[in-house]
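Here the structure is laid out as structure tokens; the discussion comes afterwards.
Order as written gives the chain letters A, B, C and D; numbering starts at 1 within each chain.
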Amino acid sequence: MILTVEKINTFYGDSHILFDVDMSVAEGEVVSLLGRNGAGKTTTLRSIMGLTPPREGCIRWLGEEVQRLKPHEIARKGLGFVPEDRRIFSRLSVEENLEIGAFKLERASGWTLERIYGLFPKLEQLKAHKGNQLSGGEQQMLAIARALMGTPKLVLLDEPSEGLAPAIVKDVGEMIGTLQDEGIAVLLVEQNTRFACRLSDRVYIIDNGRVRFGGTVAELEADEELKSRYLAV
Amino acid sequence: MEGMASGKKLLTRLAERLTGRFGVTALLILAVLAPFLVQSDYYIQLCTEILIASLLAISLNFLIGYTGLVSLGHAVYLGVGAYAFALLTKNVYPSMWAGLIVAGASCALLAWFMGIFCVRLAGLYFAMLTLAFSQVVYTVAYYWRDVTGGDDGMLGIPKPEIGIPGAFSISLESFTNFYYFVLIIVATLIFLSWKIANSPFGRVLQAIRENPERVEFIGLPVHRYKLYAFIIAGTLGGFAGGLYSTFQGYISPDLLYWTQSGEIVLMTILGGMYSFLGPAFGAGLLLYIRDTVLNFMEYWRIVVGSILVLLVLFLPGGILGFFEGWISRLSIGGDHGDARS
Amino acid sequence: MELDVSFWLTQFLNGLANAMVLFLIASGLTILLGVLGVLNLAHGSFYMLGAFLIFSSSVIKNPSWFWVGLLFAPLVVAGFGTIIEAFCLRPLYGRERLYTLLLTYGFTLILDDLVLLIWGRDYKSVPIPALFEGRISIGDFSYPVYFLFIIAVGPLLGVFLWFILHRTNFGKLIRAAATDSEMLDALGVNVNRVFTGVFALGAWLASLGGILAAPMRSVEPGMGVEIIIESFIVVIIGGMGSYLGAFVGAVLIGMLKAFGIEILENFAMIFIYALVLPILILRPRGLFGETTI
Amino acid sequence: MATPVLETWGLSKQFGSLLAVNEVDFQVPKGELCAVIGPNGAGKTTFFNLISGKLEPTAGGVFFEGEDITGLPPHAVVNKGVGRSFQITNIFPRLSVLDNVRIAVLARRGKTLDMFSPIEKHTEEQDEALVILGEVELEHKAHHPTTELGHGERRNLELGITLALEPRLILLDEPTAGMSMEETSSTIDLVKKISHDKTVVFTEHDMSVVFSIADRISVLHQGSIIAEGTPEEIRNDDLVRLAYLGEEV
């Protein structure tokens, strides 16, 4: 396991959001975190990233405890973050957005602009565009590419399909496939269960801040009760 | 740990006393006795100035502490009130009451006018607009020599006697008489302010400070309530300006400069903006520090500035607020806080 | 008639020279607002510090020290700004804006009196550096060379600033931090360092403004609190966070002051407020508010 | 059917290039408990913001009891009789629990311009506020600061503020967001109780709650209403399954 989350409890101010959340991600694995609105999925990612540090519990990254570190320290250890609503730097060009993603590195290592452009030719065409001139799908692509520029071993991906047309959602799915081909693990937060299950090796279900299920996609598919209780209409 | 806990309890009780009815009564008795206690014209003058500054700081706190609007232009009322008083009593009609009423009324009008524009903004923009307005008035006062005397200011502002014509009159030329006159006016106005602060209206202002959106969603037009608060603060500030004018007998455009506004904010914060009497306490403290430091060196701002920096970093609730901080419930409605458990 | 032309030209150039100084101060102020969200009341004090430091280096030593001072004094002030930011402002970012405002006001009070304590109350003058002494004459018209130098320096520094913001890594980080500093942090950038750098850059610019202005004006303890007001107005007109706005705003204010004096003698400042009040009321984000740096 | 309490016709809201709410026609009859559901970003909160006056619609109209309230500011909408609660807890943090509700009672009764009598002297309003606090099970904490409340209690306080306005139509935006199981069930009981004599429109992420209490459900997807009906009808609607589960039908 490259990432293990052990019994974390996270608060916003006085509101207790996460209760003893446990989960793990192995090298090169795609793991999905499913659940409804407000279940605590985004908070889990923010806790891992150090943006909303857990008050209790432990987060291990490559064996080292990181729950006390600042977000930029955690990022530098090889965690990529693609937040909900993408958070592209709107005044910066596409290329500048990518460069910011690589800022933390002592050059040379890993990903370069050329490699990114090879993988996402669309971004090369758009490289001079400002962030606020991109469509939702292009923003999503840029956000993922920006995270790649930091040469991550694991990318935290928050609702990449949200607000995108079905055809674009498919593209996003392919991008996640690309990450996997590159040996990068993905922790995917989704509401679109079908989309997530298609891509994932394992699945966690979180509800009211607690992990209710952890297992393979097949196990989830087999359990209708579980699906209807936490996911279905 | 044990010792700290009991120390905390002691401080809590002290703060409760200081801000409660007991504290107010004690303060009032102290204020009445002050001229006998200090026994020197110089200190009677200082006490008078502190009273006026207290009114000024409390008036500003209607905006900062109660409504959550940081005004950087409150000196405009000090100045306009002072000029209004001076112009009326010097050039038109030498009456203390008329002077004060004109000072208050002119500031009410000014606040109403400025408020229409200012209350639409919030945060930094509100601060900048109030600052800009006050600087406009400063510029007018500075350059309109024919009326204001420009940067020479105005000299010889009278202290008209009060009383009933034909029946009796009291001269205010004596420092002690003047002190008591100011005390009565200021105490009355502060009492009125206190009534307002603890009325349903006052609680709405606090609610606006806490969450303007929610106030809108309980059916109250937030802009209008902010405007009322703005006018109340301005009017009270105008009275303070009128009093200051007759107290000093001399005024200059410096009263309107932004650094003067900064000093009023400083008083408010120094004492604690979340307690009703905190700003008055801050006013007293600031003037006392200035006076004390000036006795042995010119550079009192270094001292006050350093205190401010330390305060912001370590005691953001202000000094009185710090004591009240132990009992956070008290810090809201003055000594009348409902939230006491 | 001919006399009139040279008079108006002089006014125009004076306005421009003042505008350039104002631009230096306002540009720092506006970037600070855009990136850190801090309204730095002590910014004028940095300007004042610059002026006094150059006074000491060029008067106590000799006039040619102006250039040495020009190089080092802004670095000293920037270092000072770094300390203020790192130790005093940083803990306040999570809290209400009021506190950063108060803190910088506290430093204004301290620095003003500190300058008074060290240099005394009297007005000082800094000699024009030898290189730019004298006046340039074309026919009837003559104008001090130093002022022309200032007019040239303004746009140069504007370009320099543009270069920093748009062509360097630091600039990229500044612009990114202005949009979303949390995201920047999550991408592995130590945002605190960016903030400190921005604050130091602002202090550097302000003190440079003070140094360049020193030979044109009298150097006195109250100069900081005066310039800060005009700089605010520039920032409001131009839009918080926009350094292009700061440039346009500065030129506008410079011109209004230079020509307003002719129209309404002492009320030039009224023109400025007549401009700034409606902007604040109708378009609080300023003329260039949308296009942050 | 008598005039619906709430109607919207062609209600739309555009943010830049995003059409957040797209020509929504929506009616709620008097006394109904109606749920609006939909995936994240479907436009539920924007829809509420349009009805309650927080946002002005780009097109279309909002009618309350037959009266056009389109574009009125929030306080005016409230005074017409529409109260709302928020998805993110929206209370007055540093006022006491009692004051949070009392302010709303005073506002409804038009007493908030009283500047000179102490707030405690308004005993009628105070008593009424205490009754409402009783309803939301916070009476015992009336004199505590809200900082001492748990998350669920704050959500209930938020509800109490809204109830204090005695609205004829209540909009509840995720009343149980972030609540524990026990808190959720007691809040649901409360919502059911309210709905006896009021019209309620609510959004909710907990589908078990929605299906157990709603009279009618409207499903919002990418700004449009894609389905409307009884819980049973919605449960079996293919379009809904697609929107929620991303299933290809």
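Here, a contact is a pair of C-beta atoms (placed from the backbone, for glycine too) under 8 Å apart; a residue touches a chain by one contact, two chains touch by 3 or more.
Nothing here was measured: the structure is a model prediction, and the numbers come from that model.
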| item | value |
| --- | --- |
| Starting at chain A, fewest touch steps before arriving at chain B | 2 |
| Any chain in contact with chain A as well as chain C | none |
| Between the pairs A-D and B-C, the one where more C-beta pairs touch | B-C |
| Between chain B and chain C, centroid-to-centroid distance (C-alpha), Å | 33 |
| Length of the line joining the C-alpha centres of chain C and chain D, rounded to whole Å | 50 |
| Centroid spacing, where centroids are CA-atom means, of chain B and chain D in whole angstrom | 42 |
| Residues of chain A touching at least two other chains | none |
| For chain D, residues contacting two or more additional chains | 147 |
| Those chain pairs that satisfy the touch definition | A-C, A-D, B-C, B-D |
| Complex contact set, residues of chain B against chain D | 192, 195-196, 198-204, 206-207, 210-211, 213-222, 225, 228, 274, 328-329, 331-333, 336-341 |
| Partner chain D, residues of chain A touching it in the complex | 14-17, 36-39, 159, 161-163, 169, 191-195, 208-209, 229, 231-233 |
| Chain B residues within the chain C interface of the complex | 64, 70, 117, 120-121, 123-125, 127-129, 131-133, 135-136, 139-140, 143, 145, 257-259, 262, 265-266, 269, 298-302, 304-309, 312-313, 316 |
| Residues of chain C that touch chain B when the two form their complex | 33, 37, 39, 41, 88, 91-92, 95, 97-99, 101-103, 105-110, 112-114, 116-117, 225, 229, 232-233, 236, 240, 266-267, 269-270, 273, 276-277, 280-281, 284 |
| In the complex with chain A, residue positions of chain D that touch it | 18, 37, 39-41, 89, 147, 150-151, 154, 174, 177-181, 205-208, 222, 234-235, 240-241, 244-248 |
